[in-house]
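Before anything else, here is the set of structures, which you'll find just below.
What follows is chain A paired twice: with chain B in the first complex and chain C in the second.
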Partner chain A sequence: MAESLFEEFEIHHLSDPLFSIGGHPVTFTNSALWMFISIIVATMLMVVTMRRQAMVPGRWQMMTESFHNMIANLVRDMAGEHAKPFFPFIFTIFAFIFFSNLLGLIPHSLAVTSHIIVNFGIAIMLFIVITITGFIRQGFHFFGIFVPPGVPKIMLPVIVPIEMISFAVRPFSLSIRLFANMLAGHLVLLVFAGLTASLVAAKWLAGLSVLPLGMNIAITGFEFFVAFIQAYVYTILSALYLRDALEGH
Partner chain B sequence: MGNDQEREGLDDLSARIRAAGKKPGDTHESIEGEVAGDTSDAARAGRVGYEFVGTILGCMLIGWLLDRWVGTSPWGILVMLAIGFGVGMFNVWRALNGYDQSVGLHKRHEK
Partner chain C sequence: MENTSLKFLGAGIAMVGTLGAGLGLGLIFSAWLNALARNPSAEAKYKTPGFLGFAMTELVLLLCFVIAFMLINAK
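For the complex of A and B:
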């Protein structure tokens, strides 16, 4: 039982090595498959629901429009007015994470966001975009974000390295948050499912198995909420970090 | 000299105008407070926790990579662990005192 707990998160090769990078063979894995599926589902949902742009939106169009408005408001509020060109980028991050989280709840699927490297990949991409944008927009004034206003000069040798390190470790805390939430949620589901199975197997206690089963149903509902909230939090923090690059001080 | 003083006076005035324009309960402000996920104490506590752990793990990873490249094992990871602990603490302090998550000592909503 114990070894099968992490079976859900295992990565399998679905193809022969396609090509190799630095001696490491690259294969098409189930992780890649589910990433593709979430991209396709997200794209299809956006395209199909907005195909007929009715003046009075139907149910599906309404859903897509409210997603769009939510992220547009978020980008404007958190990253400032200048962040409009970055809206597609931020929205893509949101859609990818949200649909990965949701599709991960399908039995026998893989929640790609429960692998930290996926989240870290997105975070490091964001980090590179933010740094490059900062230098393009502000030149060397971008370093000014490491010098908080109103700090006494004598404190600067302490504060500046601290700021630099907190800037550098942002991708980590961003990806750990999403990873930990997804992994923990799935593990809790697995533990309660295992408990249900064990109770059913123990004959005279089989009646008790409704308790963990009910718990599992409730947690599944909660996981839908977590899937949305974590995608949303990731997006908020991305937009917030983007503001540094756009506005500085 | 007089010019400088005048300039200072103008800066002060524009700061005051900005402050007056930003009423508490301004829609912008309330939206920001909501989406920042700090509406409940639990959300704030969760944020602080991930910030702390993320900083320490991130610093450890940087130290480990440094060790591998420069060959200073185990000093890189130890020093970076200590630094990460300090920075993590600083970030926790910053979060608890209502500074926002952008770099620097900005009070939330001040920008």
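For the complex of A and C:
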């Protein structure tokens, strides 16, 4: 049972080894394929819908503009006015996560964000960018983020290690949140689908299989919501972490 | 008891932690609705802190879930 549950998330090799890094062969996998697809879909959507920039936007242009405005407002509110140069970076992260979450909902596709290493890769990149930006902008004052303002001196030996740990676990908490949400959502869908299948197989209770099927449809709708919310939360938190680097406490 | 049954028992116990996260999520959204009902015009201001609180609380729930799954799949 446990093996069949995770079949959906397995990574297959789609090509022969292209080259090797340190003796480990690198192949083109279905994970890489779906990453490429989500990047292409996101890029095409932005480029095609914005090709004719009408003064009064149509439906598609309106959609792209509302995405843009939502993330632009978020970056301005959460990361401050100085964060404007980072808007393309944050928007790229949002678009990639949002579209890979959405494309993962297509049957027989692979949700790349349900692999923790993909999310962790993005999160550690963000972490490195934020740390370097912090040192460039603030120099050694960047260490001030470990000392919250208004804390009595006697508490500092306790507070500073806690702040250091909470700074260091940020990439882990970011990646685990997204990974576990996507994994849990897909597993719930799978469990209800399995219930439907086993009720259909049982002759007496075949009529009852409508109930888990209806539940599955409702959960699929909820998963679209979750796909958006998790991409949004990831973006909010990255913007919030960026604020520390740009402005300090 | 065998190791296998202990594993599933442990996974079940790990999921008890979701009780607290569920309570916390309920509290966050009840406070959010309360604030919204009192001052509907400030909805835009409440949105982001609400989602932030939701994300922070949900992490606890997901950690329980991940640990339960790690226990089930442990060799």
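Here is the rule we use: the second predicted complex is superposed on the first by the 247 of 249 C-alpha atoms of A that agree within 3 Å, B and C clash if a C-alpha of one lies under 4 Å from a C-alpha of the other, contacts with A are read in each partner's own complex, and residues count from 1 in each chain.
Heads up, the rule we're going with is that a contact is a pair of C-beta atoms (placed from the backbone, for glycine too) under 8 Å apart; a residue touches a chain by one contact, two chains touch by 3 or more.
As the structure is a computational prediction, the values presented were derived from the model and not from experiment.
On the superposed chain A, the positions of chain B and chain C overlap enough to count as a clash. In the superposition on chain A, contact is made by A:176 with both chain B and chain C. After overlaying the two complexes on the shared chain, residue contacts for A:233 are found with chain B and with chain C alike.
By the touch criterion defined above, A:77 lies against chain B and chain C together after alignment on the C-alpha atoms of chain A.
Contacts of A:184 after superposition: chain C is touched, whereas chain B is not reached. In the superposed model, A:210 makes contact with neither chain B nor chain C. Of the two partner chains placed by superposition, A:44 touches none, neither chain B nor chain C. Looking at the superposed arrangement, the partner reaching more residues of chain A, out of chain B and chain C, is B. Taken together, the two complexes place residues 74, 77-78, 173, 176-177, 180, 232-233, 236-237, 240 of chain A in contact with chain B and also with chain C. The touching residues of chain A, when paired with chain B in their complex, are 73-74, 77-78, 80, 145-151, 161-163, 165-169, 171-174, 176-177, 180, 232-233, 236-237, 240-241, 243-244, 247, 249.
Taken in their complex, chain C has these residues touching chain A: 48, 51-52, 54-55, 58-59, 62-63, 65-66, 69, 72-73. Per the touch definition, chain B reaches chain A in the complex via residues 28, 31-32, 35-37, 50-51, 53-55, 57-59, 61-62, 83-84, 86-87, 90-91, 100-106, 111. Within the complex formed with chain C, the chain A residues making contact are 2, 74, 77-78, 173, 176-177, 180-181, 183-184, 229, 232-233, 236-237, 240.
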